[in-house]
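Paired with chain B in one complex and with chain C in the other, chain A is shared by the two complexes that follow.
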Partner chain A sequence: MLLGKRMLALVMVVGTVVTVSMAWASTDPAPAPTQSIAPGAHSYVPDAEKKSTSTADHSKFKELEGPFATGPEVTKACLTCHTEAAKQVHKSKHWTWEFLNPQSKQRLGKKNVINNFCTAVPSNYEFCTACHAGYGWKDQNFDFTSQENVDCLVCHESTGTYRKLPGLAGHPPYADMEFPPKSGKIVKAPDLKAVAQSVGKTGRKNCGACHFYGGGGDAVKHGDLDSSLGEPSKYLDVHMDKDGLNFTCGTCHVTTGHEVPGSRYTPTAVPETSAHMRGKDSKNLATCQSCHTNTPHDVAKLNSHTDKIACQTCHIPEFARGGKPTKMVWDWSTAGKLDKDGKPFKVKDSGGHDAYDSKKGDFKYETNVIPEYVWFNGTVNYTLRETKLDPSRVVKINSFEGSAEDGKSKIWPVKIFRGKQPYDVGSNQLLVFHTYGKDDSALWSNFNWDKAIEYGMKEIGAEYSGKYAFVETEMSWPITHMVAPKDDALTCAQCHSPSGGVGRLDNVPGIYMPGRRANELLNTGGWGLAGLALVGVLGHGTIRIFSARKGAKK
Partner chain B sequence: MSNRIYVFKVFERFWHWSQAGLIIFLLTTGFEIHGSYTLIGFEDAVSYHTIAAWTLVGLWVFAIFWHFTTGEWKQYIPTMQKVDAMIKYYAFGIFTDAPHPFKATTLKKHNQLQHLSYLGVMLFISPLIWSTAWIYIFYDNWVAWGWDKYLSLEWVAFFHTVAAFMMLLFLIVHLYLTTAGHTPTSHIKAMITGWEETD
Partner chain C sequence: MLKIIIGFLFGLAVVAGAGYVMMPHMMFHETASPFGFEETIARIQHNIQDNPVLKEHGWSLSGLRNPAKAVQTDGGNVLPVMMIEACSTKYSGPILREDTVRFLSILMPCKISIYKKQDGKVYIGTMNAGLMGKMFGPLVGEVMGKVAEDQKLFLEFDPSKPAPEIILPKAPTGGAGGAAAGGC
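This part shows the complex of A and B:
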């Protein structure tokens, strides 16, 4: 009987220990990269990337039998059925490269802004417009009303053979050509008939053809967009996972009439808090909340963070997570050095990436970069070419507005891209310079800044004092892609680390952070009094012991 | 010659020890959340702190019910009677083996200083801890309830921590005074067995 009771007690104790230790184990962070197939809970698999669900097989269309000599000829064939398509594209930023910010009234868009990567499009059209959704934009006289100059293929083809090369003003090569020049590598001219017959819904690699390579190469510009997202693993992007949910860009950037939602000029920094019911209104669907709501966590304590913290802050723990290094620093001021034979040269870093290029200056690349964090309310202000700047300070190419107090901001992860670029010492304004061209003024041909700047400024019809210097610049990029599976999201302690450690949000003002920002006066007072009390009782106890001994001796 | 009297009933002892355990656990996890040290990790500290807090709430519901149904609440009515005698005893008499000025009985189990300190805990420290904790826990609802206009998390946390430090002070002094009975262990034994040894 007694034995039975003891056994029962033993079983209960062991059971409790096991339960507790299991509960303990379940709170441990899971090992990092997981490549597993997505659980069966999601049956929705958008498969535009794999096999078409389209009701039309374009390889069966007479109109697409060709032969096609040029891109515009293909477009004409497309327009015979898709009669309104070009007119829709004409209204989009992909075509106009222009955007009028409705709040700030700033005239933005690729055509107008000066950034701190390749800096400016004017005077370099032929090169830059390799990423224009059109054909033939080689100078300021491009006809924006031409329908046949809309490039349907770059966004809709699926062979992967159609490549627009810098220097061809938006055209693909129509004959095999060496690219980059003098590299010995040959880029084949695409078979336009096969390309035209392959068209369908826009896939990841279509968007990626430009957006993965912004800033002059794979992963250079954004940090959260690079070619690793062409066929991503679950670890890299939980939604785009090629073996799982397999989202395309368009699954979130739901496009209607060739208008793609989601903007870096007017980002949605603080989305609606409830899930977005389709058809109810036309707000930006390309937000986390539009599907997940603002309270998606099982743990209530996590939901109480979402009033101030953007989803991206915890769920994109690092950017450039796909193994492709992103450019973090670009110093134009050192461009133009030549070797002892008077030839341009390159220096590689230990990772095999350019650390110096005579054409472009000094670079710094990084992978798995921890973002910087800022309050952001969606308002972005640009330093335009017309803006007067203070050359003694770092010039913010764009600055994100937001604060803890304005009631409409969240804490966002950003990539801050730092550089040095030329400005006009006379007018204190940023300069447009001529990088690429088959003339003797282009920086990349003759390595002469004076000529390159003069040419660039003349091209836009702006005054130039004749004197330039280099100013430090910063540009901010919101981090919103490469969303990690939840097991790889930030853990609490990465922000709430005890004093002495490094917390992710240490530099973000205006927040109370348990574990991180204790009131020092309170700490000193509290621990001080506790210490005094301890000394007091120990002293009292000691006197008692001694007086008791004395008493015993008596 | 020692006498024994029955001072603490079963529920009281259960209440005391489970509350003691919970408060020590809450202090330990609480100061980890506060950032004073790393022991079990911030995340676990937060979830266990919350669970322990709600458990303590449950315990208090029972304790309040018990105190009112049994009439034991009267033990906490404040009195300044003989407070000076207790202070004198702790300051001088205790060293010279003077007789303890207070004799616990079943009807009167706390000495006058205990009276005041427990009353302080119950009327000041605990309400401060409870109110700030609840305000903290319901942070999610501040906006919906319109509280966000009047409250800042930083100050709520500040006062919660102030109360925690006070509780720590109480704990230190209380632990020591458990040895200041008729013999160093008589108070502790009483709280375990219910029976207090007296002269």
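This part shows the complex of A and C:
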């Protein structure tokens, strides 16, 4: 770096001198600019133009000729052929929003977990269930056994016109509607017949309809999943590169019977070391090792890292690289401020993103985020609503377990999302509050925390002391998408650079980093001893030479 | 006599060595920004655009370039870098009118680089215009001295002010080409 600066300085000085002499010496005209290839020209063929390999053209099916007035009507038609599909979906987390962790016995899933984004689903069903793979979940009485309430379209349609809006309990708009309310923007009601006839294999944009927009907007939640992965370039994701391998989500998340592997509730921190063999049962195919094994490098030294370093650590140098900023901080404690006219307001940051919203509080966004790194063995412990917390400390919504010593951990890159959210001062437990609704208790309507919390806690049947405050929270998200081309992986120096500067793994406990965490005294002593040995050898050699000459003279 | 020559050469070597070590720090400045990437850009832009002293000295924004974009288009991955370009015809004019130093147009417009480093922090890189100017005679020395003084105002931040919005150029100013919106 320093050398680079020196070179630049030298080049500028020398260049200036050379330019001076040339200014007097040469009057040759500059060469005419050559015509360049049009920027953006590439061999990309839009998905729609690619020839389908499916053996069925759903637009030719009588059952899908409609007309369809609602989503469930389409599902009924789907089920006439795909008789077992809804039953399979009923068992999946996309439907139940529930997961019992077999290790910790914690009951997780969206239905149960309180996070530090929009916090909790209960009391906000109509809004949150825009991302449920079903129709009509508007309160606790939702019928989870109904087959026709399964939403086939959200995962299988390919027109790009089918959109489930928050507030409609998982339904798409059946008539054109203004969204967001009072924005002047109109969302068209989808043509359900055309949408139904377009179904096929799940594509990137199907998964992305929810997973790119988690937490209330594009790129907000994950950091490594956003709409830039809809049509990504090679630099953004070497596997999903639209002009290259063009992977869909399902290429890695190989799905059987509507059960999608790759859960963040029980992530696979230390995958099997060999590649997946067809026919063999595997817990999770959505790992790098499933294809690449644990020793994919030509250089043996790199392979020797893979027992302790997750592939993602080196191969995802930053997240939110697609130009979409991800939310890094959400402070609920400032929500509820109103302007001088008593109306909610927003403040934009320098990039034009919300820095403050009366409904939600303060935010911070960032692009090209350098991950934090932690030891992780696959065990995640959640602070649930029932968990007692210590408000004097930062509450970890989820703790990634692992250490250098346990023999089953690897160093993983994570996004740590920081925020402040309400907790019950009486019971020292996280609170559920009512954000969205047409009633008088919703925070986003009346900006009254007391009412919103009271309503939310009543909804889940939990006690509330009546006093709340805000506690600092952190939530960790494993970074595993946006894999850069191999030339852009971290270099050795980014972890092993000598003292000074930055080392990516400086804050990871329990490791000795060769080249970086050197002991100056030990180094000086070592070099001193080596120097003395050299002096000794040279001295001894010199004496031997002179003695030999003396002996020869005698 | 030999001792004098050896002493002179030794002194020369020491000076050259010291110059080699110190030159990068003298020619360029790098400071950590207290703000995020976009906010740093926006605050510098607004300093240049709104500061009455700088206005009086003829400064205006002339571009915002993203050198990382070209690398990304080629499939490479680099941390964000943006270059704010600003120009004052009051300073560029005298240099551009003088044949003997017109080659210094290579340094125009004035650039401030904002970039992120591996530690996740945002940095501001500027050229030491004052020192550079001294190398090219009295005219350039005087002009660049004034530029150096104004550059300090570019980077005077008032954290009590809310984050302003980034000023996007009227025409795209990517890594390879660029359009001047004003100034030079």
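Heads up, the rule we're going with is that the second predicted complex is superposed on the first by the 471 of 554 C-alpha atoms of A that agree within 3 Å, B and C clash if a C-alpha of one lies under 4 Å from a C-alpha of the other, contacts with A are read in each partner's own complex, and residues count from 1 in each chain.
Operating definition for what follows: contacts are C-beta pairs under 8 Å (C-beta built on N, C-alpha and C of every residue); 3 or more make two chains touch, one makes a residue touch a chain.
Since the model is a prediction, treat every value here as computed from it, not as a measurement.
Visitor: Touch check for A:334: first (chain B), second (chain C), both, or neither?
Guide: A:334 sits against neither chain B nor chain C.
Visitor: Just chain B (first), just chain C (second), both, or neither: which does A:255 touch?
Guide: So A:255 meets neither chain B nor chain C here.
Visitor: For A:293 in the superposed arrangement: first (chain B), second (chain C), both or neither?
Guide: A:293 contacts neither chain B nor chain C.
Visitor: Examine A:548 and indicate which partner it touches, taking first as chain B and second as chain C; both and neither are also allowed.
Guide: A:548: touches chain B, not chain C.
Visitor: On the A-aligned overlay, A:161 touches which partner chain: chain B = first, chain C = second, or both, or neither?
Guide: neither
Visitor: On the A-aligned overlay, A:92 touches which partner chain: chain B = first, chain C = second, or both, or neither?
Guide: After superposition on chain A, A:92 lies in contact with neither partner.
Visitor: Overlap of the chain B and chain C footprints on chain A, residue-wise?
Guide: Shared contact residues on chain A: none.
Visitor: Can you tell me which positions in chain C touch chain A when the two form their complex?
Guide: Listed in rising order, the residues are 20, 23-28, 36-39, 41-43, 72-77, 79-80, 99-100, 102-104, 106, 116-120, 132, 135-136, 162-166.
Visitor: In their shared complex, at which residues does chain A touch chain B?
Guide: Interface residues on chain A, with respect to chain B: 24, 27, 299-301, 303-304, 307, 491-493, 496-499, 512, 514-519, 522-523, 525-527, 529-530, 533-534, 536-537, 540-541, 543-544, 547-548, 551.
Visitor: In the complex formed with chain A, which residues of chain B make contact?
Guide: Going by the criterion above, the answer is residues 32-38, 41-44, 46-47, 50, 90, 94-97, 139-140, 143, 152-154, 157-158, 161-162, 164-165, 168-169, 172-173, 175-176, 179.
Visitor: For chain A, which residues are in contact with chain C within the complex?
Guide: Touching chain C: residues 2, 5-6, 8-10, 12-13, 16, 19-20, 22-23, 39, 233-235, 317-318, 321, 347-352, 355, 364, 366-370, 484-485, 487-488, 494, 501-502, 504 of chain A.
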